[in-house]
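Every chain is named by a letter (A, B and C) in the order it is written, and numbering of its residues begins at 1.
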Amino acid sequence: MNKTNDINVSSLSKAQRTSKIIRYTVIYIFLTIMAVIVIFPFYWMIISSFKTLEEYRANVPTLWPQHIVFENFSEAFSKANLWDLFLHTMYVGLISTVLSLIVTVLSAFAFARLNFKGKNVVFGLLMATMMVPGELYTITNYMTVSGRLPFLSEPVESLDFTNTFAVLIFPMLVSVFYIYLLRQTFLQIPNELYLAAKVDGTSDFKYLWKVMLPLSVSTIITITILKMMGAWNAYIWPRLVANDAAHQLITNGLRGASFTNEFGDVNYPAQMAAVTIVSIPLFLVFVFLRKYIMRGVSRSGIKG
Amino acid sequence: MRIILQNLTKCFPSRNKKSNEIVTAVKDLSIEIPDGKLIGLLGPSGCGKSTTLYMICGLQKPTEGKIYFGDSDVTNLEPEHRGVGLVFQNYALYPHLTVKQNILFPLQNLKGAEKLSKDEMLNRAQHAADLVQIGELMDRKPNELSGGQQQRVAIARALVKTPRVLLLDEPLSNLDARLRLQTREEIKRIQRETGVTTVFVTHDQEEAMSISDMIVVMKNGVVQQVGEPQKVYDDPDNLFVAQFLGTPPINTFDGVVTGGKLYIGNDCIADVPGVEDQPVAVGIRPEGFIPADDGGLSGRLINVEVMGRDCSVVFANEKSRKPSVRAIIDSDLKIATGGDNAIRFNIKRNKVFIFNNETGERIRF
Amino acid sequence: MNKDLKKPKNRISLKGDLDGRNQYKAWLYLSPALILLLIFSFYPLINTFRMAFANGYNGLAIVGGETFDFGIENFKTVVNYVDFKLCLKNTLLLCVITVPISTVLALLIAVALNSIKPLQKIYQTIFFLPYVTNSIAIGMVFNAMFTRVGLGDLIQTQGIINNIIGIFGIGPINFVNVGSSWGANMFVVCTYIVWNAIPFKILVLLGGLQNVNKQYYEAAKIDGTSKLRTFFKITIPLVSPMLAYVIITSFIGGFKEYSSIVGIFGEGMGPGGNGQMNTIVGYVYNMLPKSNLGNASAASLILFGIILIVTAINGYVSKKKVHY
């Protein structure tokens, strides 16, 4: 009796093991195929940037460059003016980040720590603006910065700020989302720390500077990264208001750059080299600072 | 520093925003706290003891009434100008600062004439740390310390400005039982050494009784009784105080006074000359029972728990307000039970209190 | 935040006490943000409505005492405009195609990732890789992969994708070059959007799956529940809040789709700049430099309306379907 039972159990477990092996094989095959698809554009971008134009155009594609060439990168730098674009983007990015942090910290502090009449109303109003698509603002903001004020028949020349760095910085300075993010972080700091500081005669500002900010470093880093990435990836607004050579940001420059040679052919390897250069900082940010981005982005649904 | 609280009342808008009710947390509280003493504010949660502490500290402003430190009226003074040190229940140490930086923090806020030199600050911080015996932990961060050590740091931070008044909010509630005993001795020692007037809040009567020079028992925002712990225990003003103090708690019975005698059921347990005939609440301390064959109070034995020196006799009595009555007696005493587990006790006269059935006020005899 | 700071049981409310004196200070702290928002968010919001409802508005008000009648003229113009209808159709199709595909794929990948142990971290990193990308830049890569170089007999390479599908005997197809069909373009754009959207969804869904209490699965196993049934009856309901979240965010993102298409086709929004892949947002931006501000505003309000409706529907459905 016992024996037959044993046999049944072992054959059953054998069948289970087989089905388990099949299941895992299927899972790994599926994941591998998907992984190849996900990674392929990056792979193609990078190897293309090292190919000669002839090799890129070859009828039979090569999956690894036969001759690794670096000229495409120097071509990218000169054709797309990448160095200038990089400087412009860094300049705009850094200044917007610093100013934006100041504004965000002050507002988040007021919302998290101070009590005043109308706080909930103002906060609710700000939160509601997160629902509104940015395109709705863009139209009027475009008019505002180009000096076309309401109820005036002529654009005001002296108020035309198009093709300046200021116009790339100020209209996008306040992000309600960052205020929300930092306020949430501030709210997690126990009330007692504030009360303790008050008993010791600490001013609000000193408390903010010495206690709240050090305790919110990771959110500050998150905001900094998102803001810098914002400048790096900005396209629509800069194209509209500051698309001249002296102020162009990197994404605009990349899209606008012409990689067409004298025969009217696009030099794809050079273009891919430029795209690679633009993508590398994002990769580095992703590899080293992933956790900070994910904190912010998974809460907002915005993409980098 | 002597502290006088005069007719303090504190009202809050109700948490429920829809109703415009006002919650009165503290009502017409007047007490005088003598200089250099350790005072325990005692009561169940929600009784207004923390609010009182915060009003002394200045973090909350009384709706009505006055607060005096010595002779000066500090009612409208901001906390930083009152010269108080406050230790929070969760210690509220700045988690990103070391122990030393935490203790230095209040000193760095001093301005004008009070401003200290860097060396002076370090000296003061070291002195405060030595006082609470954490001199060796100065470079650690709070999360590297045990609960007891964190508390010491919090006390050092409160003391470093040499405050006139030290306030402690539930100082022992975040500690485990063993540390609690040790820490309460420590608080007493620190208070004696510094001589600073100290007020602490607790819901644990044992804690308050064991170290306070004076306790203030509160309920629903109203002071019930003020006095030395032993005195309040021995001579409670009302049923609430009698019930709140003492472990195990006082036993309560429905009793009746007839012709100058106090009855529980049919048992006459004491002569109460001069007390009017009326139904009363009777409280008998657990240590007030002496087993005796001819004792006045009868009961049916349920259980005897021997706990070393003492033993605890649990018995039933029809008139008890709880299912069982607990008596603590010397374990040498023999407990004789009659048929059907019947047991009788004589009652120590000074361990019996009677209270008005409606108001709970003590009726003295 | 710090774990060593225990939250006290009852917080002391300081309403009307300590914080009461901060009235003016609070507004001081808020003022930089509020001033900027007033100029660049609240005023534009109102002004957009004004422009959208001013018939024939061109951005410059009251020329020589001319005033504008208020009405829905702009909206009529916009919705009757052939270009706008194309944009609306493109946008709707993009959403309807890409949202389900990317959500299902992401869910499958997330479940697969969650069920393996060896190599899980490596796969996870690979799948998150497209998470922070420059959508214009990678759009250009997709363009390169689908583009054939050369014309007619002079075609030198069909592009890597055509090379690959050629192995299976398909094609070559003109995906993105001049003369390519609307359908082929749509395929490329949808492929790119799905590729781009998957990492974020995997991230959110995997987070949800990892938070599911293992005991539910153990209980199901003991009951002898089949894997498929477990998936539909336990896994899906338990991650339904995350599913709802990724679906709504990708719908909203889909309605605002613009830069992916610019990445692939440039600002011409179609092969050879013919605009056949244009979207609502693209339409708004096309109107802008032409000073056709009334129409642009009306179009952006239509977009806003669509997004509000989608959000509302989602809120309603979530309440009914999403567990917890």
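Quick note on the criterion: contacts are C-beta pairs under 8 Å (C-beta built on N, C-alpha and C of every residue); 3 or more make two chains touch, one makes a residue touch a chain.
The structure displayed is predicted, hence computed values, not measured ones.
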item	value
Neighbouring chains common to chain B and chain C, by label	A
Top-ranked pair of chains - ranking by C-beta pairs in contact	A-C
Per Cα centroids, the chain farthest from chain A	B
Distance between the centres, which are taken as Cα means, of chain C and chain B, whole angstrom	60
Where chain A and chain B are represented by their mean Cα positions, the distance between them in whole Å	57
Cα-centroid distance, chain A relative to chain C, in whole angstrom	14
Junction residues of chain B, two or more chains touched	59, 88-90, 92, 95
In chain A, residues with contacts to at least two other chains	190, 192-193, 195, 198, 215
Where chain C touches two or more other chains, by residue	2, 5, 7-8, 12, 14-15, 18
Residues on chain A engaged by chain C in the complex (per definition of touch)	23-24, 27-28, 30-31, 34-35, 37-39, 41-42, 44-45, 48, 56-61, 102-104, 106-107, 109-111, 114-117, 119, 122, 126, 129, 131-133, 135-144, 148, 150-155, 170-174, 176, 179, 185, 188-193, 195, 198, 204, 215, 229, 232-233, 235-236, 239-240, 251, 254-255, 265-266, 268, 271-272, 275, 278-279, 282-283, 285-286, 290, 293-294, 297-298, 301, 303-304
Residues on chain B engaged by chain A in the complex (per definition of touch)	57-59, 78-81, 84-86, 88-90, 92, 94-96, 105-106, 109-110, 157, 161
Residue numbers on chain C that touch chain A, as the complex places them	1-2, 5, 7-8, 11-12, 14-15, 18-20, 22-23, 25-27, 29-30, 32-34, 36-37, 39-45, 47-48, 50-51, 59-64, 105, 108-109, 112-113, 115-116, 119, 123, 126-138, 140-142, 144-145, 147, 149-150, 156-157, 160, 163, 195-196, 198-200, 203-204, 207, 227, 245-246, 249, 252-253, 255-256, 258-259, 262-263, 266-267, 281, 284-285, 288-289, 293, 296-297, 300-301, 303-304, 307-308, 311
Touching residues on chain A, where the partner in the complex is chain B	190, 192-193, 195-203, 206, 210-211, 214-215
